[in-house]
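In the two complexes that follow, chain A is the common piece, with chain B as its partner first and chain C second.
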Partner chain A sequence: MYRFFWRVVKAEALKKHRTTFHSKLVYFSMLIWPILTFAVAYFTYKPFKLSAGAEKVGYLNDNNLVIFILIGYIAHMFFHSLVQSAWGFSSERFWGTLELIYLSPASRLAFVLGNAISSLFENVWLFIIFAIMMFQFYGELYFPGIGLTVIGTITLIIPAIAWGMFLNALFLFSRDTRILFTILEEPMELFGGVKLPVAIFPLWAKIISYIFPLTYSIKILRRIFLKGEELVQLLPILALISLVTLIMIIITILLLKSGEKYAKKTGNMALF
Partner chain B sequence: MIKTEGLSKTYVTKIKKGLFHKEKKKVEAVQNLNMVINKGKITGLLGINGAGKTTTIKMLSTLIEPTKGTAIIDDLDLKKDANEIKKKINMIAGGERMLYWRLTGKENLWYYGQIYNIPKDILIKRINKLLKLVGLFDDKDTPVERYSKGMKQRLQIARGLINDPTYIFMDEPTLGLDAPIARDLREYVKKLADEEEKGILLTSHYMNEVEELCDYIYVLDNGILIAEGSAKELALLVNDHKILRIEIDELSFELEKAINNICTQFSGEVKYTRREQHAEIYLTTKEDVSTSIATLLTQYNASIKKFLSEEPKLEDTIISLARREKNV
Partner chain C sequence: MRTRILYATFKRNFIIQRRAYPLEFFIGKILSAFYTVLTAYFMYNLLFKGQLNDSFSEFTGTSDYMSYVILGGGIYLFVVGTFLNVSRSLITEMRTGTIDSLMIAPFDRVGYFFGNMLQQTFTTSMEFLLAIIISIPFGINLTGINIPATILAFLISLVAYFGMSLILAAGMLYFRDTYISQNTVFLAILLLCGITYPIEYLPQWVQYISHIIPVTTSLNMIRNSVILGMGIPEQLNNFGYLMILAILYSVIGFKLLKRIEKIALENNLA
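And now, the complex of A and B:
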């Protein structure tokens, strides 16, 4: 059973990769778009003195601005790529392939997981290479040791995959995926703290920002790589992001179950 | 063997009746359906649009849950053993959906093989076998988006066989295909039943296809089973009348009157169509009147171009059955 689950995950990830990367231009667009948006953010800040905001965000200064934005964008790339990919995943319903997946004895969770893993890695690796080059060039990145680097990476990858699974399930059963896309795409970049630190937000915006798991990932990464915090100081937020991830996985399972149950009852695969 | 027992499905739909008010409406898609699908046989499921064919196929495929009744598939219960049943069945639908267009034919089959957990060595052999069966082996590495309609449909058949199902449900498998390609596909379907011993449930709008392929046919109307039997048995069920199709050079009003008389005598109906070069007569009667009509035409010196006595067709049967049900 366990082996079958991972076989489906692998098959779905490969299928997703083959259907998305059908042309070399895809690789090119993967890098160009994030670099452009990163450049826009950087040059928007550039004319202003950041030390003025140091009261609320102590670790942010004119020297580490590039690193601050890059961390935001790396994390954003992880989560953003999954919103786009989930939008594409909803086409499984229109093309009738979802019916065939439901016809098979394979785990439904394996499909959303495989799709999320594939979407994540194929969309971020090129930008990560670019980011590493930038880190090397600016040299303002604090190296916290291997342990915390691994923890930082895990707190980015696992919640992002859980987010992808949740979105896949959500988009799969949604009648109007455009609305979901609009709700999730831009607000996530703004409220997730990609370009601006959440600390400077008013209370209402802070509340919204904690809806997105991206916010927690960015916060952890900046606290590790910019602020140089130790594991003990990070424990509360690590517990919080674990809880958020768990909640996303539980909602995903519930969504998949209720979507299939509804389809069996009504013959209609659009749950809402 | 698949045996359905009182299989029924009721949908509840909501109709908007104002800004905040919605009214619930019950739609009986399939009612109390009892049918049998045997291995090595092709069973037809016919009916006019909305008869409940697709709902029946989806219920048997475990995609939709019956409201009442059940089906036993080789000793497995449709409701209780859905996961085991999934391994024994597959579905093939007409049209160009249900495939990944950017993947090659081989990759499509590989993917579907994976989600059925078919051991790797068996899967490789099966993919090659199926691609040869449907004549796509030479195009196995071509993306599906470059396939013609017929090629896509053949790949659908291979896809439907990837888990080596005992039973295959085919919903309009030749939909939108050109005649020669549809003929080839019919050949594959026949082979599947005759040589591979697959039990096939087929729905189609093409009555000649059903007549040619199906060993036994079930006719649904508004979700109710209204008739069953072989194509010949069904044709005899309602078409107790004889059909005469005649073409003559010229149709005089005297001859028309004489034909009308015979028609009335044998409780029949007649339709005349006058064309520039000839006239057509279409006659349906309870008894065989071909001899009387032929004598009459000779008496009136009509120059006969065509004189055909036709067997009733399955298509007429379905339409007559549906009409009869409405009148009841």
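And now, the complex of A and C:
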């Protein structure tokens, strides 16, 4: 049973890879777009006196601004690629392949997991290489040791995959995915704290911020790599991100079950 | 003949927009502009407490950052709107299967593209007005506006955006792609044309590229007219330069399209 689950994950990941990498143009979306977006964010800071910002966010200065934004964009790439992929995933309904998937005995959870994993690693590797080069160039990144580096990476990858699974399930049963895309894509960049620290937001904006798991991941990464915090200081936020991830996985399972139940009863694949 | 084609395209596009895309595109674009303004507002008021570098007013002639960004975001709406509707027009015909009948009919290209352009200008103007109204609480200041200069700057800008969109249309038709080309162009404009910051912050060699993209001069003129209240005589050089760019882009765009249309049609029918 367990082996069968991973076979479905692998098969879906491979299918996703083959449908995405059919053209060299795909490298534009993987590398050129994130670099352009990152450059826009960097130059957006230019009109301001950074010393004034340091009053609110103590660790922000001229030397680590690039690192501050890069950390935000790396994390954003992880989550963003999954919003994009979930949007593409909804085309299973238009192609008529969703019915076939439901006729097969494949685990639904394995299906959405395979798709999420594939999109994640396909989309981020090129930008990660770019980011490493930038880190080397600017050389202001604090190395917290292997343990905390691994923890930081895990707190980025696992919530991102859970977010991807949740979105895949959501987009799978939605009649109108465009509006979901509008609601989820752009606000994530602003409210997730990619360009700006969430700490400066007013209360209403902070409440929206904490809906997006990206906010927690960015916070943890900046606290590890910019502020140099220890594991003990990070424990509360690590517990919080684990809880958020767990809730997302539970909602995904419930969505998949209720969507399929509804489809079986009514013959309609659009739950909402 | 030309006017009839223009009117027919205008009317058809309205019907398509009203029936096929009720509100999503409209809401999506308004939200985009809103997030741009909100980001600028948080940055300016909450993070930096209104403290700008002296270089900003040196480059722009104003210290009104919010009006600067709001106008940039609003004009960006127009650029995106023109590209989405005019550039994609022929490839959309191809995708919906109407390009063959369109090409067989003795349709006039100029009337067809102007029809597309006018329809989108009307829709985007509504979005732009709404975006400006939403931006009032965020601090846009229109008290110093020079109305004749603003209107003229805006009209020449529309011709320039139209020319740019024709070139993009040719590219889209040739590569049969809209997703990669349009998004790359949108991001390049955001980076190079001074939508949220003056281009003088970019490296010198990049600024040369910025100056040959009409959006840069267009934004300068509109900001000069709206924020600084500059009149037409004071901006004659800019007006002339943008006019030349607009004509150049339009001529190249039409010529390119004419050539690529043939290739695309042959491939499509093959």
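One rule holds for everything that comes next: the second predicted complex is superposed on the first by the 269 of 272 C-alpha atoms of A that agree within 3 Å, B and C clash if a C-alpha of one lies under 4 Å from a C-alpha of the other, contacts with A are read in each partner's own complex, and residues count from 1 in each chain.
Keep in mind that, in the parts below, contacts are C-beta pairs under 8 Å (C-beta built on N, C-alpha and C of every residue); 3 or more make two chains touch, one makes a residue touch a chain.
Predicted model, so just to flag it, every value in this text is computed and none were measured.
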item	value
Fit-or-clash call for chain B and chain C when the two complexes are aligned on chain A	fit
Touching partner for A:Ile200 - first (chain B), second (chain C), both, neither	second
Touched partner set for A:Leu190, first chain B, second chain C, both or neither	second
Which superposed partner A:Leu238 touches (first chain B, second chain C, both, neither)	neither
Touching partner for A:Ile158 - first (chain B), second (chain C), both, neither	neither
First, second, both or neither for A:Leu126, with chain B first and chain C second	neither
Touching partner for A:Thr97 - first (chain B), second (chain C), both, neither	first
Touched partner set for A:Leu36, first chain B, second chain C, both or neither	second
Broader residue contact with chain A after superposition on the shared chain, chain B or chain C	C
Superposed arrangement (fit on chain A Cα atoms) - minimum chain B/chain C Cα distance in Å	13
Chain C-contacting residues of chain A that also contact chain B	none
Parts of chain B lying in touch with chain A, wherever the complex brings them together	11-12, 29, 55, 58, 61-65, 83, 86-87, 89-91, 93, 97-100, 102-103, 107, 110-112, 114-117, 143, 159, 163
In the complex with chain C, residue positions of chain A that touch it	25, 28-29, 32-33, 36-37, 39-40, 43-49, 52-53, 55-57, 176, 178-179, 182, 186-187, 189-190, 195-197, 200-202, 205
Partner chain B, residues of chain A touching it in the complex	4, 7-8, 10-11, 14-15, 18-19, 22, 95-97, 99-106, 263-267
Touching residues on chain C, where the partner in the complex is chain A	24, 27-28, 31-32, 35, 38-39, 42-44, 46-49, 51-53, 55-56, 65, 175, 177, 180, 183-184, 187-188, 190-191, 196-198, 201-202
